[in-house]
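In what comes next, subunit A is part of two complexes: it sits with subunit B in the first one and with subunit C in the second one.
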Partner chain A sequence: MDKHRHSIQSYCLIRDRTITVNGQRYLDVEPTAALLDFLKTAYRQLDIDYPKFHKMDGLSKAIFIAVELIARESGPYNDDTALVFSNYSSSYLADSRHAMDIFNGTHPMASPATFVYTLPNIAMGEISIRHQLHSENVFFIFDSYLPEFLVPYGTAMLDDGKTSGILSGWTEVTDTRCDVFLYHIGKTGGMPHTIEHLKRLYQG
Partner chain B sequence: MKAAVFIAGDHLITPLGLGSAANFGRILAGDVAIQPIEDTDLSDHRIHAARIDENVWLDNIHHPQRYTRLEQLIILALQAMIDAYRIPVDHSTLVVLSTTKGNITLLHRSQTAIPAERVFLPVMADALQHYFGFENRFITLSNACISGSLAISVARQLLQHNDKYQQAIVIGGDEISRFIVSGFDAFQALADEPCRPFDRDRKGLNLGEAIAAVYLSKTPTIGAINIMGIGSYNDANHISGPSRTGEGLYRSIREAMRQAGDPALDFISAHGTATAYNDEMEAIALQRCGLTAVPVHSLKGYYGHTLGASGLLETVLGIQSLKHDQLIPSMGYAQQGTNHALNIITPENQGTERNTTLGTFLKTASGFGGCNIATVFQKI
Partner chain C sequence: MSELTQELKAKIITQLNLEDLTVDDLDDNTPLFGDGLGLDSIDALELIVMLDKGYGIKLADPKEGRKVFETIQTMADYIEANRK
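Presenting the complex of A and B:
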């Protein structure tokens, strides 16, 4: 099962309040920091000017940062780089915010700016715009990070010639938990795109 | 050469009835599921929507109190599929579930018998799996309004690359809730009348409910439909508005047609939500693909926008159209409403344009997040 035709070109892990890129520490803040404060600190450290970032929900922000950091290692991405993401709670952060908006006792009022993020694939739209990816996107909802599914799925896409590269992984972001593990799969690079290897990288 | 994958069966639960043939008959008779609804659970004002009256059908489920309304409807459809096509629930069968919001009503409605965790899609999928005892865990995806069509694509790829799976059920469903109505209202996307896809005076969309399923097989049975080509590309343009150039849809159609060997199309089943921007974008993409002369319909004028079910619902009805060699008129259309004229199917012109046989159609869908998909289906 460990034979592989494709490689992990680079990867990013955002776990709790720590960010690592290819195993190297990028940012580490106190574990008690609020999610959005942590993500804002990470954005500032990127030193880019992208005002759209501030409109995003927490899920999109975390994914945006991870994909930006991966691009610095193995980008720019080819235009056809496919996006195959997964998580457990879909867009729960935005869902609960929208629910608060509309069931707020005194002034129930839905906000389009919140509602649009109540779909998990919006984050894939955000990074498609940022990196100009005209590609296939699919957002799976699983119990946990499932390389046993994602590795053969990504391999099949590459073998079928659907795409020359894939950004794939696990993107679970809630108020209490931030667990984002994204990686760039392509033809070159030293790390094998295998279930076993990805399990090790995900352990951190 | 990858193995072909066929649609060997299907099922629908909609406000117009149970089963694909019954629904096809109803819409050819001009019946429309969209109605004015005054229900304070959904909205403080009257809306036009197409809602399933579940009281007619929710009888034959074991322990119904253990399942949400949406789960019960999905169970009914899965049971009908398993019974009709004798689908084994063993390791050889894959189930792909498509939904945008699943049990989102659990976020704001106290259903004491249902654990709150079922708002999370993996928990809902497990409950459905265990009801039937399927050996494989469901593969669930949530990809906005292209979810249903994308689920067919995902299931096809899994069948082609995995010898373990011999067949798949692809099932999609969503229900209308205050959560969804308020959001589309905030976007001012809802029409206060039955929607009019591609029409000059269209005012927006209606929400609808449906459970739609297809049975995919690697074996070509009599009457099966071949999935000839699929393309799916993001616009990379805007998260809540369609591309002005129809770029992602254009690329999706081109790729689906290339894979299919550029067949002549007998009709196109468009997304056609009846919002100003969506329909215009689709007309631009079809014009760029040189497909404006092909007869085209949107079925949203009958069923509204059924979200995670829509790609599947409209595919199933397109297949009915192929099987009966009869085009379905685009309900709600009267006058050209896009800059590029399209050959919209109407009750008046479908008589003259009716083929003696229909063989091939294109299904398209587009959604929030800039996603698009196009699929070519053909009779074998």
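Presenting the complex of A and C:
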């Protein structure tokens, strides 16, 4: 297999309270800042008006910001750009909040404002709406970031002609930890789409 | 009335999980749906429940809701006129 057949056009890493895009520092806040405050600061720095952002859970917000920043480097995305995301905790952050609302009696009845985000693929839906994507999408649950799976999977999709580009990566968000590494794969230019290279980029 | 609009803003932020926003971020005349606050049909259900539980007002006609939920101000006007 030709390991360099496809390329990483650009990538974004959101780790703890720092955001980098293609290796360049975009935002850096106090490590003790609350996750949602950090994501709100990042949103405001984007200088866009997208009120729906304020309704999203932490997972969706982090993915939204990463995809937006990548779009500024290598977008706009083709409408067949596929989404191949993965994480460990699924949408646990929103799930646990929804459960606690019920157990504590805050919302004894199911509250749509919370439970609509109790699925990880809601984040992909939000991205598809925002960027007008009509494409394949899948959200894998892994024990850890797994380029050994993502690279051949993405390569097969591109080789089969299912898509002209892919947004892929690892999107782990809990109430204290944010570890989001997303990248845009295309057929030309950029960095080699290989397991080794993605491991290196993920290290930051 | 101003007290009611402030109360509504706080309730909307809590009920609709808009925790990034504060009462000061919301204007009395900002459209709640579409390009304004960006609420959707699921939020409309929450607002209907809020009117019922908070102010004893049941919206029977869905067409009525469109006007009632246009802005914070139209909601407050409707509550003032119909609360029990």
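Following the convention adopted for this analysis, the second predicted complex is superposed on the first by the 198 of 204 C-alpha atoms of A that agree within 3 Å, B and C clash if a C-alpha of one lies under 4 Å from a C-alpha of the other, contacts with A are read in each partner's own complex, and residues count from 1 in each chain.
Rule of thumb we're sticking to: a residue touches a chain if its C-beta (ideal position, glycine included) is under 8 Å from a C-beta of that chain, and two chains touch if they have at least 3 such contacts.
What you see is a predicted model, and the numbers here were worked out from it, not measured in a lab.
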Touched partner set for A:Leu182, first subunit B, second subunit C, both or neither:
neither
If you stack the two complexes on chain A, which partner ends up touching A:Val116: first (subunit B), second (subunit C), both, or neither?
both
Which of subunit B and subunit C A:Lys40 touches, first, second, both or neither
second
Which partner, once the models are overlaid, touches more of subunit A's residues, subunit C or subunit B?
B
So in the superposed three-chain picture, is A:His54 touching just subunit B, just subunit C, both, or none of them (first/second/both/neither)?
second
With both complexes overlaid on chain A, does A:Leu198 touch subunit B (first), subunit C (second), both or neither?
neither
Does the superposition put A:Val67 against subunit B (first), subunit C (second), both, or neither?
neither
Per the contact definition in the header, classify A:Ser135: touching subunit B only (first), subunit C only (second), both, or neither.
first
Across the two complexes, what residues of subunit A are contacted by subunit B and by subunit C?
111-112, 116
Complex contacts: residues of subunit A adjacent to subunit C
36, 40, 43, 50-55, 111-114, 116
Can you list the residues on subunit B that touch subunit A in the complex?
2, 100-102, 104, 107-108, 119-122, 125-126, 137, 139-144, 150, 154, 157-158, 160-162, 178-179, 182-183, 185-187, 232-240, 247-248, 251, 367-371
Residue numbers of subunit C touching subunit A in their complex, please.
15-21, 36-38, 40, 42-43, 45-46
Within the complex, subunit B is touched by subunit A residues 83, 88-90, 92, 95-96, 98-99, 101-103, 108-112, 115-116, 118-122, 124-126, 128-129, 131-143, 149, 152-153, 156-157, 159-160
